[in-house]
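These notes open a run of structures that come right after.
Next, two complexes with subunit A in common: one pairs it with subunit B, the other with subunit C.
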Partner chain A sequence: MRKLAFFIPFALFLGLSVFLFSGLFSDPMERESSVLNKALPAFALPDLQRPDTIWTEQKLQGKPYLLNVWGTWCVTCNAELAYLTELREQGVMIIGLYYQQPSDAAFGEVFNLAELQQEVALKLQQQGDPYQWNILDKDRTLIFDLGVTGAPETFLIDAKGIIRYHHVGDINPQVWQQKLAAAYQSLEE
Partner chain B sequence: MKAFFLSLLLFAATAQASQALIEFQSPEQQALFKQLTQELRCPKCQNQNIADSNAVVAVDMRNKTLELVQQGQDKEQVLAYMKSRYGDFVHYQPPLNKFTLILWLLPALMVVGLVLVLLVRRRTATSAPEQEDSAQPKQLERQLDQLIEQYRRKS
Partner chain C sequence: MIAEYGQLALTFAFCVSLALAVVPLYGSFKGNQTALDLGNPLAYALFFLTAFSFWALSYAFWSNDFSVVYVASNSNSLLPWYYRLTAVWGGHEGSMLMWLLVLAGWTAAVALFSRSLPLQFQGRILGVMGLIAVGFYAFVLFMSNPFMLSLPYYPVDGRDLNPLLQDFGMIIHPPMLYMGYVGFAVSFAFAIAALMGGKFDSTWARWARPWTLAAWMFLTLGIMLGSWWAYAELGWGGWWFWDPVENASFMPWLVGTALIHSLAVTEKRGTFKSWTVLLAIGAFSLSLLGAFLVRSGVLVSVHSFAADPDRGLYLLAFLLVVIGGSLLLYAIRMNSVRSQARYELFSREVLLWGNNIFLLTATLVVLLGTLFPLVHKELGLGSISIGEPFFNQLFYYLVIPFSLLLGLGPWVRWKQQQVQPLLKPMSLVAIATLILALGTMAATQSIQANLALLGLLLGAWVGSSAIFELLQRLQQFGSVKQGLTKLNASHFGMTLAHIGFAVLVVGVAMTKTYSVETQVRMKAGDQVELAGYQFKLVEVYDLKGPNYNGEAAELDVSYQGDYVTHLHAEKRFYKVQRSVMTEAAVHARLSRDLYVALGESLSEDSWALSLYVKPFVRWIWLGGLLMSLGGLIALCDKRYRRRVVEQKDATEQKGAADA
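Up next is the complex of A and B:
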C-alpha cells in the first residue's frame, strides 16, 4: 500500500510528461480537411486574364490537376512559384485559384481588374508561371466552400473532379516528394 | 485646450459612425447572430471566435453567418453549413464521437478513481490502527505481567 502511494503520483507525473513532450512535436494547425474525397463544389467564376471565359467545376474535369490557391499579396505563394513552374515543366497540370483580399472602402480601396491583371502578369513573368490559367475568386466564394483558411493551399483533384488531397502551406521539393507526387502519379495512370 | 478635447470627441463620433451597422428583422435573429459569432471558431487564428477576429476568413464567416441568419436558417443549419467546410474544429462545442469520447470519459473516470481511493483509505484507516493499537499492547501487557510475576516471586 505504501509503495502504491509512491508509485501513483510517479506514474501520473510520467504520463503527463510524455503527453506534454509529444505535444511539443504536434502541429496545432494540422487537421483533417472536411472537403476530402468530395466533389469540387459547384462554381462559375471568370478567368483572371480573360474575364469573358467562365470556368465551372464541370469544365475542369477530364484530367487530374493541382488547384493552387494563391495571391500576389501572399509572400509564401510567391516563394513557391518557381518550384511549381518546375513541376509544370515536368508535365504537372496546375490551375491557379486567385483570391482577392477584401478591399477596404474606408481607405479608399476599390477593386480594379485591369490593375490586378497587370500585377499578376508581372509577378508571373518575374517568378515563373506555373499556371495553365488562373480563376479569379474575387469575393472568395469558392475558397470558402473549399474550407480555405489562407494562402497558399493546394488541392489535388482527379479527372472526375473529386478532391483527393488538401495541402495547407507551400509546395517545395520535400512536400511534393513526401505528400503529393505519389498521389498525383497514381491519378495520372 | 477645451476646444481640443471637444474636437477629439467629435472625431470619436465620426469614427464610430464609419462602423457598419447591421439591421436585423427580429431580436431573435440578432440574438442568434450574436450567439453564433461567439461560438464559431476562426480556423486561421486559433483560440479566437469569429466575433473577435478580423482575419479574412473570420470576416467572410461572419458575413456568411449573417447572410444565413437573415435567410431565416436556424442555429443547427448554420453550424452544419460551417462544419461541412471547415470541420468540427470550427465550433467551440465539440460533438461526441470516437475521437472526443475521452473528453467526456476522463473526468468521470477520475471521479470514480478518487472515490475508490477514498474508500480504500477509509477501510485501512478504520481497520489497521485497531490491529496496531490492540496487538502490540496485549503483547506488552503480557510481558509486563511476566515481569511483575518474576519480581513478586523474588521478593
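Up next is the complex of A and C:
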C-alpha cells in the first residue's frame, strides 16, 4: 500500500492532463446558449415606431425569421446594418429587437421615446434598414429572458417560434455562409 | 542584420543546451571526469549566447527594425525609448526569449555558485537544467521565434505596444515573475538530482535552500508588482482579481512557501524527506502549468497571449515529459526512503506540518477554482465560472487557523515542546495583540466586531509574536545588542517575512471592510464628499503625449477644510492601438489611498469620475515587500556559504567510497 501511495501524484497529474488536452481543442469563450431549441419566451412589447402596436411571441409565428438585438449606441450593430440590409433584399425576414440602455437618473438621463424614434429612423436611413419592424424592449425584459450578453446578437427562429440558432457577435458574409445560411434555408423549405 | 545574429546565437544556444543535457549527466553516471568538467563552461556558454540573442532583439526594438515581425507587432516609432525596450517582453515570443535568458541565467548561477558541491551532484543538476532548457529552446526556436522576418514586404511602422503594458510596474513585473518561476527549476533540479542518486541524507536540502529562497523572493516581488500594476493601471481600484493567470502565479508561490518550510525540517531534522522532494517537483510543475495556461488559450483571462493550439500541444507534451517523468521517478525512487527522526505531538515538526497542510489546501483551492470550469466543460456539463466569492470564502477559513499557527510556530522547539514554559510569553503576546488591534481600530475607525477586527487581531497576533520571539532569542545571547550581531540572518529573515504576512493580512482586512467608492458626474468647480474628504474638480483639459491623446483632470482634495493634496488623473486614447486607458491619480499614505479615475465626458463641460478612499491598501504591498525582503535577508545567511564548504570534504570522501 505504502509503495502505491507514491504513485498518487503521478496518477493525479495524468488525469489532469487529459482535461488539459481536450481543453486545447475547445474555445473557452464559447458557451452553449440556454435558449436553444426552446420556444421564444412569452412577451408583449410595443413597436418602436408605432407604440400602439403590441407584439407578442404568437404574432410572430408563421414564417422563419431572424431576431436581431441591436441599438444605435452599439458600434458593431451599426457596422452590420449594411450586410443585414443586403440579406433583406435577398428575401430574409429580419425583425429588430431594440436594446435600450438603462437611463441613469444620476447623470440626468431621461427616457424620451420621440427622440429615440428620430434617432433610429435617421440611423436606418443612413446605414440601410434591414428590419421589417423594430420591437422596443425598454426595460430589457425579453433581452434578459433570451440570455443576451451584449449587442449585437441574432436568433434564428422557425415558423413555430422555436429558437434554432443563437449567434453572439456581428453577422458578416462569412458568418452568414458558415453558420446561418444553411439553417435558414432548411427552415424555409 | 543584428536580428539575424540574434537568431544565429539562439540556434547555437539550442545546440549548447543539447550538449548540456547530455554531457554532464553522462559524466555523472559513467564517472567520466572530462564530461563532468564540461558542465560549467557549457552553462556559461548557454548564458552568453542567450544574452547576446536577447540583446539583439532589444536592439531591433531600439532601432525600430520593423522588418522583424515581432517588433512590428509590439512596437511603434512613436513609442518612447524605455517602452520600446520593455516591449521586448510585451508579447508571447519576446517574453519566451526572456524566459530563456532567465533560465540560462539561473543555470550559469548554479555553475558559478555550486563549485563547492560534489562534482557528480553538480553535474546532475546542470544536466537537469539542460534537459529543461532543451524543451524551452526548441519551443522558442521552432514555434515562437521572435526573430521571424517579414522581408521583403516589411511594414513602415509598427502596431504599437499594448497600452496596458506602458507602465513602470510592467517594466519589472514580468522579469521578477520569471525569475521566480524559473528559479524553482533550480530547486526542481536539486530534487531530481537527489532522486537520481537515490541517496537521501539532508545535504541536498541544505544546498537547495538558498536557491529556493531566492526564487521565492523574486516570485513574491513579482506577484506584488503585478498587483500594484493592476491597481494603478486598470482604473478600478482593485488589487487582486483571482484571474486564472494570477492564480497560475499564486500556486507556485503557495507551494514554494510550503517548500521553504519543509526544506528547513528536512535539513535540520532529516525528516519529511519524500514530502520535500514532492514539493520541489510541485513548485516547478505549477510554474510550468502556469506557462501552459497562459500560452495555450485553454482559459479565459486578461493575461492570455494569442492562442495557438500547436503551441499548446507542444507545451502539454513538454509538461507530460517533465512533470510526468519526474513524478514517475519520484514514485519509483521514494519507495525505499524511510524517515528516522522521532518527534512528539507538540513540536515544531508538527506545526510546520500544519503549515504545509494549510498552504497545500490553499493551493488545492486555487487549482480547483482555476481548472474546475475547464473540467466541467470538458465533461460536457456546460460552462460555469468560479469567481471571487468562492476564493474569498475559502481563504477566509484558511487564513484564521493558519495565522494562529503562525503566531505559535516560531516559539516551539524541535522534537518536543513542553506547554508550561510557553504559557507566559504567549499570554504576553495575546495581551499585546488585543492592545494593538483595538488600538489601531480605535485610532482609525470605530470599534466594531467585523472582518477588519478579525484581520487586525490575526495580524497583531502574528506580528507581535514574531517580534517578541526575536527579542527573546536576542536576549539569549546575553543582551539584545550582542544578539543583534550573533543571531543568524535566517532568523531575522524569518521574523521579517512573518511580520510581512501580518501586515498583508491587516491590509487586506481593512481595505475589504472600509473602502468606499462613488461614481459621480462633475463639472469644473464641483465638489464631492467621500469619507470626510472633499474632492474638488478644478479643471479638465486636453492632453497630447508621444503616442496618445487624452484628457487630464486636476482635483484638489481637502479634509475637514484643510488642504490635503492635488490630484492629476488622465484618460488616454492610444492612436495606433485605438484603445482607451485610464491613468488613475493616487495619493498614497500608510493609512489610506485617495484614488481618482477619470471616466467619460458626459457633455460639453461635465465628466464621469470614480472616486475611492481605500484605507490601509498600501499595507498589502508593504506586506509583500517585507516578505521578499525577509527572503533576501535569510539568503544572506553565512552558513549557506560556510557549511557547504565544510561539507565538501566529507561528501567527497563519501562519494569516493561509493564509487
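Throughout what follows, the second predicted complex is superposed on the first by the 161 of 189 C-alpha atoms of A that agree within 3 Å, B and C clash if a C-alpha of one lies under 4 Å from a C-alpha of the other, contacts with A are read in each partner's own complex, and residues count from 1 in each chain.
As a convention for this text, contacts are C-beta pairs under 8 Å (C-beta built on N, C-alpha and C of every residue); 3 or more make two chains touch, one makes a residue touch a chain.
Note that this is a predicted model, so its numbers are computed, not measured.
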| item | value |
| --- | --- |
| First, second, both or neither for A:K59, with subunit B first and subunit C second | neither |
| Touching partner for A:G150 - first (subunit B), second (subunit C), both, neither | first |
| Contacts of A:P102 with subunit B and subunit C, given as first, second, both or neither | first |
| Which superposed partner A:F7 touches (first subunit B, second subunit C, both, neither) | second |
| First, second, both or neither for A:V35, with subunit B first and subunit C second | first |
| First (subunit B), second (subunit C), both or neither touched by A:F21 | second |
| Dominant toucher of subunit A (residue count), subunit B or subunit C | C |
| First (subunit B), second (subunit C), both or neither touched by A:R50 | neither |
| Where subunit A meets both subunit C and subunit B, residue numbers | 28-29, 31-32, 106 |
| Footprint of subunit B on subunit A - complex, ascending | 1, 28-29, 31-35, 101-102, 106, 140, 144-150 |
| Of subunit B, residues touching subunit A in the complex | 18, 43-44, 46, 56-57, 59-61, 64, 83-87, 89, 124 |
| Footprint of subunit A on subunit C - complex, ascending | 274, 278, 281-282, 285, 292, 296-300, 309, 312-313, 316, 319-320, 323-324, 327-328, 330-332, 334-335, 371, 374-375, 377-378, 382-383, 519-521, 602, 608 |
| Contact footprint of subunit C on subunit A as seen in their complex | 2-3, 6-7, 9-10, 13-14, 16-17, 19-26, 28-29, 31-32, 106-108 |
